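Chain naming follows the written order as A, B, C, D and E, and within any one chain the residues start at number 1.
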Amino acid sequence: MFSLRQKDNSDLVPETISLEHKKYLKSVQRQKLLVRFTQIMILVLAFGLWELLASLKIVDPFITSQPSRIIKTINTLYQEGALLHHIYITCLETIIGFVLGTVLGTVIAIILWWSDFISKVAEPYLVILNSLPKIALGPIFIVWIGAGPAAIIAMTLAISLIVTILEVLNGFLVIDKEKIKLVQTFGGTKLQVMTKVILPASLPTIINALKINVGLSWVGVIVGEFLVSKAGLGYLIVYGGQVFKLDLVMTSVLILCIAAALMYQGVVYLEKLLITRHRE
Amino acid sequence: MFSLRQKDNSDLVPETISLEHKKYLKSVQRQKLLVRFTQIMILVLAFGLWELLASLKIVDPFITSQPSRIIKTINTLYQEGALLHHIYITCLETIIGFVLGTVLGTVIAIILWWSDFISKVAEPYLVILNSLPKIALGPIFIVWIGAGPAAIIAMTLAISLIVTILEVLNGFLVIDKEKIKLVQTFGGTKLQVMTKVILPASLPTIINALKINVGLSWVGVIVGEFLVSKAGLGYLIVYGGQVFKLDLVMTSVLILCIAAALMYQGVVYLEKLLITRHRE
Amino acid sequence: MKVIVELQNIGMKYQSLNGEIPALENINLEVYEGEFVSIVGPSGCGKSTLLSIISGLLAPTSGNVLIEGEQVTGPSKKVGYMLQKDHLFDWRTIMQNVLLGLEIQKSVTPSAKQYAEHLLRTYGLIEFAHKYPSQLSGGMRQRAALIRTLVTNPQILLLDEAFSALDYQTRLAVNDDIYDIIKKEHKTAIMVTHDIAESISMSDRVIVLTRRPGTVKSVHEINFQLDNRTPLKSRKVPKFQNVFECIWKELDVHV
Amino acid sequence: MKVIVELQNIGMKYQSLNGEIPALENINLEVYEGEFVSIVGPSGCGKSTLLSIISGLLAPTSGNVLIEGEQVTGPSKKVGYMLQKDHLFDWRTIMQNVLLGLEIQKSVTPSAKQYAEHLLRTYGLIEFAHKYPSQLSGGMRQRAALIRTLVTNPQILLLDEAFSALDYQTRLAVNDDIYDIIKKEHKTAIMVTHDIAESISMSDRVIVLTRRPGTVKSVHEINFQLDNRTPLKSRKVPKFQNVFECIWKELDVHV
Amino acid sequence: SNNAQQQLTKIHLSEVTHSIFYAPQYVALSLGFFEEEGLEIELSNGQGADKVMTAVLTGQADIGFAGPEASIYVYNEGREDYSIVFAQLTNGDGTFLMGREPDPDFKWSDVKGKTIIGGRKGGMPEIILQYVLRNNGLEPGRDVLIDTTMQFAAMPGAFMGGQGDYVIIFEPTASEMEKEGKAYILASLGESSGEVPYTAYFASKSYIEKNPEIIQKFTNAIYKGQLWVESHTPEEIAQAIKPHFPDSDEEILVTVVKRYKEQNSWKKDPILLEKDFYTLQKALQDAGELDQTAPYSEVVTTKFADAAIANIK
């Protein structure tokens, strides 16, 4: 009675490809190409229109900048060697911020999970802190913590920490109570429940928190750099505004856009690596 | 065979309260009081310590402000009639922002759900826009949209829109396919699937988006007010910073904290009202 | 007896990027008016696919479905479909849920409403008409789902594991209820189930399908010659065990 | 025969802010070594509560549980508990899952590992030892869960609706498997189920509980006098239907 | 006058920041000089010269009020509809160099080898600071370090927190810090820099061409404010501008007004002089923020200021 049956769908027909299947594959392919084409067209059209309108002075290139000017600015920055430095500074701050945010948030979530009393006491504070727009704290942080990278990291943590705590704690709490009961039936202690079930089962949640944190850390770093900095993409934006170089502002925003998207994709990739391994 | 059985747990023992139950209720009560007491103690201690340290000049009240100074500031602002005006302006902007964000986000989510093609084309753009720290766009918005309330609302939308779209669309997509099939078995059209299933079933998701949006709208409004404004709590913070009136800054942050928490609670209340009605 | 559903040479292949999945092959079947037919078969053999094709929700890659001699091209009012879960909508009262199909078909008339009320009363749910689904037990919900299908007055009912979400005892009771309702309302029923006992106890014919691609492996006529046959009575007939074992072996169930 | 589990006057009241819920009252029961006892009863009558009390996870508000004459005060190595779902951990291989209990009890010795391998081999899972749970079928997962309980070598097995997550045919097959394993390993078993047929087919005694607060309503000795009794064989014994109906009536199942 | 009031023309004015330094403007607002000219001013705080200029160029503000350097940048970028400066309000820098100890004998050479917190790079305070340092024979970066990491709002806190040896601070913060004993004014950058056009009114070329009478009226009102400030005591001025600084301490207000008045921060007429204009450009050039000079005749007009002086006594 013990037929060693694998899961279904492995027995697909590999042999000869039927006519219908060929037709289907072709239509899928065509659809895909169309999507890709439209995407690229939108990009090209947007930038092309921007360039055109700016060249014709229909929009004011002085205010809106212009793709060709942006490319020139990137080139200049790159040749001065400044570009990579600024990108590096901002990315470093972001990574420190989100790693710290995730670690600290997870630790605090563990404490709250552990002690019902602490968690109950902390609840209203967490709710209020969660709804507070932390950006508003920026000016206070600088006064209290001082100008410098510490203030930027503090800003980042302020923005990401509460969200992480709530997210991870929530992850802990939705874990099937029966899984915990299982460990208890073997005489498991609270610490064992934590290490054997809660933490490993929450890995997806924690990685998800990481994903949210990347975004929030970028916000924190940029706001921080707006307030205090001597380098970084946020600094470039502020400086560009200061001396009225909108090209520099636009260039920085564009690079920022790309860097943030890449970092986010990195975390998504990390997630795939860590999570899907066991769950094919 | 048709016994009209209601759901369980209605048959609790109301009669006489047993000794054990009394004891239990008492211990629950005691625990609750202890939690409340600790919460208030923390608050009192924090503010008390702050006041004390500032009075004794151990921390510098010029830099950290002081509860008594904050109360004085609130009083002054109130007597000038400015307090309510600033609160009103900021709250109004926030409400406009999050209502607009939720409505627009839902509409766009509907479009993306409707058209597979549009949704596929939009996907990479959404991903990039989602990971972009929208704060960085602030300076550009002002250039493009202009200084004024419109820029503040734009900032708010920039921050909340993408999140709402993704959240609501995701809500649409996790709706049980079988529910949709049910409508189709009756010959339902796509529009009917939308109005009869997707939208009502997504009400909790949409309200949840609303909850996220409140927070993001506050951020957007504060950032917006930092950049352009002539009134509002964010304006007070910036102005207080410019003339280095930390009392004003701290007061504004505190009021902000309370206003944001209250508004959040309002949405939570709305959620209870709309959702739990049918799901007792 | 009149043939009401006719399947001619039905074949179905699902296309995906990884390849082609042949779900059904060469299915021929005639269902008579008023008959109760069950379809059993291994997991993934295409049972749900077959019902979807009959209902017109899915077009077969080959073959034809005829209902009362007419070719099926899309969902038709003649066919009612009951899914595995009741899918009563939380946000609608039982009455509103029951009227869903009529609403969609834009035929909520006073007489249709009366019919809905009549069904709710007959099958013991009238007191819950203005309650929300969360206040009903599993069995009651399943009955409400059946009534939702019946008010649109289909001639043919398709049931896709309509009872598998219920626990065992409730299931037995609901089997009896639903059987009773279907017979009273003179419907033709085609039921898919995993539960061999259920299929035998309820139907006039049990169709056994092979593994994917599903084809008809065998057909078992069930005739226990009972007065006022009910599923529960059928289960107690001695022959029941024989048929059960026969089908069990044909299905070749593995753990 | 030796009494291995003794319940003396067990009573249990749950406290909540809305009031007190009396879950169990006055339960007296003796289970003999090697016996297979089933507990059935209406939904919410306290069956799971009773198992939790026997396992030592929950302290009763009154009465005592004795295992081999010793009073139970907390989870004991003598008792193994199988829950409704298999709860195999996604992030552990089957082998690692099977060793979970030993890890928690800090007794992962080479001989214990060998025993685990022996069980996996005997019950057809050795090839999957280093696979992840997602690659196993439902029945295989349930077997792995049983082995996870068995490797800690408990004398008494508690099964709380351990098969209700499986579909009907699989369930029948797994019933046979698990019964076989329990008998081979000479365990005492106390099983809670909703499925009357399952309880009859597997056990030596069926205990019927009343509605909440649960008390023992009746006890049914099952003795079909079969050689090499298996659940499936039991189901075919003519007496089976009689016992079924008797218990069915006692349970007074409503839809 | 009742009739005139009904026909007030609404003007959007964007100011670079809200500061006592701009007292003549608030005097003109408080005492109704704009209404007298038939203008109604809607004032908004642009929070930065770049944003003020943007508002003017995009038409969201009719008139901008910020440093003339913004207009120079715009002209140099080659924009056709650039902005033209038509009235100057403040003369010289409004910031003060502050240290941790009072020092009546302070000389600029004392800062050699020290760090000054100087505001964001490219901002006017930092540029004037460089200019002053150079005039005193100190080369920024070599002889003295300027810390440019912070926004202006963050500087007092950072300085009190121990960063830097000196800091440049605007009023009223400077007076308040002095009152609290946190920092002491050592030198006025306004005095040290000499005449530099620091804040002035500008509008886009097209706006001026289309609305010369509005610009004239506006300049008249500003000139009236300047005259009023010139002829009144610090106490009277403080009283007049009080409505615009509701949460400011009265005592501080008087102190600040007095200080600015004594060092001639407020120009006595709206004319932006050519030599001052080139002084400013030199400062910008030295700081490395300007590649080429802009011609006075293009970027500045004194037409309206001249007319105002001629018409108003």
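In this section, a residue touches a chain if its C-beta (ideal position, glycine included) is under 8 Å from a C-beta of that chain, and two chains touch if they have at least 3 such contacts.
From a predicted model like this one, the values you see are computed outputs, not experimental measurements.
> Examine where the copies chain C and chain D touch and state whether the two sides share over half of their residue numbers (same) or under half (different).
Chain C vs chain D: same; shared/all numbers exceeds half.
> Could you tell me which chain lies farthest from chain C when each chain's centre is the average position of its Cα atoms?
The chain farthest from chain C, judged by C-alpha centres, is E.
> When A-C is set beside B-E, which has more C-beta pairs in contact?
If we tally the contacting C-beta pairs, B-E comes out ahead.
> Among the chains, which one keeps its Cα centre farthest from the Cα centre of chain D?
E
> Report, in whole Å, the distance between the mean C-alpha point of chain C and the mean C-alpha point of chain E.
Chain centroid spacing, chain C to chain E, equals 83 Å.
> Between chain B and chain C, what's the gap in Å when you average each chain's C-alpha atoms?
46
> So the centre of each chain is just the mean of its C-alpha atoms; given that, what is the distance between chain C and chain D in Å?
Taking the average C-alpha coordinate of chain C and of chain D, the gap between them is 34 Å.
> Distance from the CA centroid of chain A to that of chain E, rounded to the nearest Å?
Taking the average C-alpha coordinate of chain A and of chain E, the gap between them is 42 Å.
> Quick check on chain C: which residues sit in contact with 2+ other chains?
Where chain C meets two or more other chains at a single residue, that happens at 43, 137, 173, 177, 254-255.
> Residues of chain E that touch two or more other chains: which are they?
If we look for residues of chain E contacting two or more partner chains, we find 50-51, 54, 58, 153-154, 157, 161.
> Send over the residues of chain B in touch with two or more other chains.
Only 1-2, 5, 63, 139, 143, 226, 238, 241, 246 qualify.
> What's the complete list of touching chain pairs for this entry?
A-B, A-C, A-D, A-E, B-C, B-D, B-E, C-D
> Spell out the residues on chain A that touch chain B in their complex, using ranges where they run on.
Touching chain B: residues 34-35, 38-39, 42, 63-64, 117, 120-121, 124-125, 127-128, 130-137, 139-140, 143-144, 214-215, 218-219, 221-223, 226, 233-234, 237, 241, 246, 249-250, 252-253, 256-257, 260-261, 263-265 of chain A.
> Please output the residues of chain B touching chain E within their complex, sorted ascending.
Listed in rising order, the residues of chain B that touch chain E are 60, 62-63, 73, 76-77, 80, 82, 139, 142-143, 146-148, 226-230, 235, 238-239, 241-246, 248.
> For the complex, give me every residue of chain E touching chain B.
14, 17-19, 43-47, 50-51, 54-55, 58, 60-61, 152-154, 156-157, 160-161, 170, 172-173, 176-177, 180, 182, 246-248
> Spell out the part of chain C that touches chain D in their complex, as residue ranges.
Residues 43, 137, 139-140, 143, 164, 167-170, 172-174, 177, 194-198, 235-236, 238, 241, 245, 248, 251, 253-255 of chain C touch chain D in their complex.
> Using the touch definition from the top, list the residues of chain C that touch chain A in their complex.
Residues in contact with chain A: 13, 15, 17-22, 43-44, 61, 254-255.
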